[in-house]
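Read from first to last, the chains carry the letters A, B, C and D; within each, the first residue is number 1.
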């Protein structure tokens, strides 16, 4: 058993998951890192945390498999310690695919990883968290989310439906459990993250070109993001954040289109939807 | 005095305002068309409505001038008839301007036309409307709005602030007056409208090129839009719409960015924000 | 084969589904009504449409069963005629249930009916619709949705996650298919509907009390709602609505809390969140 | 001249404004506190900051007066030092008032404090901030906002229209200036704040009862809120938050209605809007 409270990360790669695990370990938690594959990469992350003087352990997990999350939670509470906080960090992005190139199985798997897994994690950890929060520190469930949770782009059928379900589930979990002492935060990551294990793998040999295009400050550094995750977990009960967005300063927020006036003028960007809204302009 | 109920249009040009006036005149209302300038154009619109067998009258109005709207409302109720419905259709779009090119006076004028004028119209017409709605037909206030009411693009400082105020005012008006029998509808026009008096004037000699670029079905036809305005005014009290959006089928909704996967892939469009949201992808 | 184009209703009870089917039959379509159970009720709806001079047929359908929707679509296109429009009207509301009273199977079934079924319907009907829309009338997919698609209340874990997925899927479908001539409309029904087959069954013996509490104009009449569905399907390609909300005039919209100032004042309703936003008030 | 960078607070009372000023002073800034009235209270705040070893100065400011903000900014840059960060914290809440009890002057004053003042502050401080951000630390503009910025409740005509304008202005400022190195953050304070100078004054003799009703953890502590403001200002350029919400854990978020199932069941809360969305329920 660890003398420290446990912070569990579902989806612990070299990007957000690994850095958040490291940040919470540095803050006094025993971090449990769970990921689907790459045992060597997992051991490397755990080693880095321990080298930095933190406490951590890792395990492979197929979150889409029935009972896998539940079994892991039971094992942690029994063998390591009480789960005081958790990060649900599984993605379901598969790139842009036309509807006809999005098979039933893919759409369902997107939901299993993007939404159902979060429901199952909450189902498994909340009962004990609620008990402990009555006269102890509050519980925390941080949920990494994507732009697709708030708007559906072409080709994002599976991803957007899954992420939107994830977002609304965060709201229902918050509505039932915030008053019981569990802080649920839905974090909208609205930009590219410097994450070789996910975006890197998705872009493949385009990855290096992509990074150089983005330039300095042009991609979210997971270490910086982890500081915000940590801050959210430190907010006292009288002042909790449920939703927050983040992006690089030079990235275009999801609600804006190309801010170039020239392009707007010729393309009739929505910046020009205004004049149509009345026959009386200014001056 | 007209034997017909009055439908008042504030901002009656050759685009949305004129077509909505014509549609309500065809539906049995006496349409009162008010616009800031161009007496000849105004007379032409009134003439077209009368030629079609409808009843209408027009007046010039500087809505930004104190008392102008109030005086017009009083005159209509006294000389023409009870205002049963109204359309607030004034725009405040001035194109994209950097903050330093947006003087105090411009920002304030945007608010006067985009938000304050709507408050003043409601202030002036609602008391009588509420009285008449008690044992008569319900009152209607249709409000044309723009994409800028729901998202702020670069260069839209004056317009977005004004339109967002307009949108939220529609919500507070609806909250207080819907139970009293006044239907307030906020209509988000999310695309270019074929309106020579406004977008046409704004784009100037780019107008023809712009229209040809848009192609068939590529610009909202105000006559088509007017049918939706009319439908909203026909909804019975048990089934009212407060907010609705409209755009051409081939236009990109404000919440989507370029749907081209190639562009997304290289530009890191938000369609690709997903993989960063977890270190465990699909298969 | 029918000489009329087909309008397919998935979820055709005595409420929204049946009335929309009747409205489209009156408008010249052959309506195909599909519902999970109650063959007698189904026959009654078809009979009413035919008595009114319309054309319709009915079938029982378990939409949660693999292949069921696909098989139905194939059968209709082969034996009855081309599906020009469809309404996805399946609900997944099971009332408010705490997380611990929401089993895995329930959460998954909510998704199958609330989200996955819509994806499967679009997957099945869109390829032919796109072909026919190239040089014929555009296709239409109307999707009934609920408040839970835009906010997650306590106890709505299964329903909100499913409906939010439904909403975002409508956005991705619209992004890919609107330019190809298919009109996808997401209809947020934000109030109680006078629907004995659904809300009636859910409330059971509370149903009559509930209706009398609501009073005149206090519940959405499905016949009135059907007129708006019909209007949306008539919008030409240059002027399409993607999202619209509806509620009774005296109902409180989902974004408002109790409008009673007294209650706000004592309960610190969000109407009073303002003063905290700055130490300098007005006057 | 101060050797420290300046953090300017517009609306510095004993609540959010004063605590944020203190937090930034503790973090190494010279805090300039500006408020409309109560010179004694202002001196007290400055004294508390200095007693804690921080650097601060105060000034009275009527932000609604033309030129007042501009003159203050010029004076600070000339006499004290470069403004590296600022908080716009003016409120415009006047409680719930019916439209007929909301005079033109009140509606306009709400806009002047809630929206126009922010535009004027940005107009005054951004040019120098942009210059300095090119090869120095980025600039920061934190904007306290209210629930009324995202939804309009009954009686909030003036406040909601002003706050919505404030929110959308934050988006346009962010769109133009984030790429130039200025971090604009819109902070939605969605709950009652323990602020005697504002909510306290508004509620008057109801204040003590209100506080006791709220109980422990039931009101946002401005000191806790200030920690989140500070964190936002520390985010590096690759990872900026534009919008965040905060509330006490046991408060009902603005998008939720009463979570009590009993009440929902009898009042037809939106939790029950679902079943109407289809005639085929679950099981």
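As a working rule, a residue touches a chain if its C-beta (ideal position, glycine included) is under 8 Å from a C-beta of that chain, and two chains touch if they have at least 3 such contacts.
Please read all numbers here as calculations on a predicted model, not as lab measurements.
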item	value
Given subunit B and subunit D, the chains that contact each of them	A, C
Farthest chain relative to subunit A (centres taken as mean CA coordinates)	B
Classification of the subunit A:subunit B interface as same or different, half of numbers criterion	same
Inter-copy rotation, subunit C to subunit D, in degrees (Cα atoms; steps of 5)	180
Whole-Å gap between the CA centroids of subunit A and subunit B	39
Distance from subunit C to subunit A - Cα centre to Cα centre, in angstrom	30
For subunit A paired with subunit D, centre-to-centre distance based on mean C-alpha positions, whole Å	27
Per-residue overlap in subunit C, given as positions that touch at least 2 other chains	148, 151-156, 163, 171, 174-176, 220, 252, 255-256, 259
List of subunit C residues in touch with subunit D within their complex	11-18, 35-37, 63, 89-96, 106, 109-110, 113, 144-148, 150-156, 159, 163, 189-193, 195, 197-199, 201-203, 206, 209-210, 213-214, 220, 251-252, 254-257, 259, 261, 264-266, 268-283
Interface residues, subunit D side, partner subunit A - complex	138, 171, 174-176, 178-179, 181, 183, 217-221, 224-225, 227-228, 231, 234-250, 252-253, 255-256, 259
Complex contacts: residues of subunit B adjacent to subunit D	98-100, 102, 104, 107-108, 111, 115-116, 119-120, 122-123, 126-127, 148-149, 151-157, 160-177
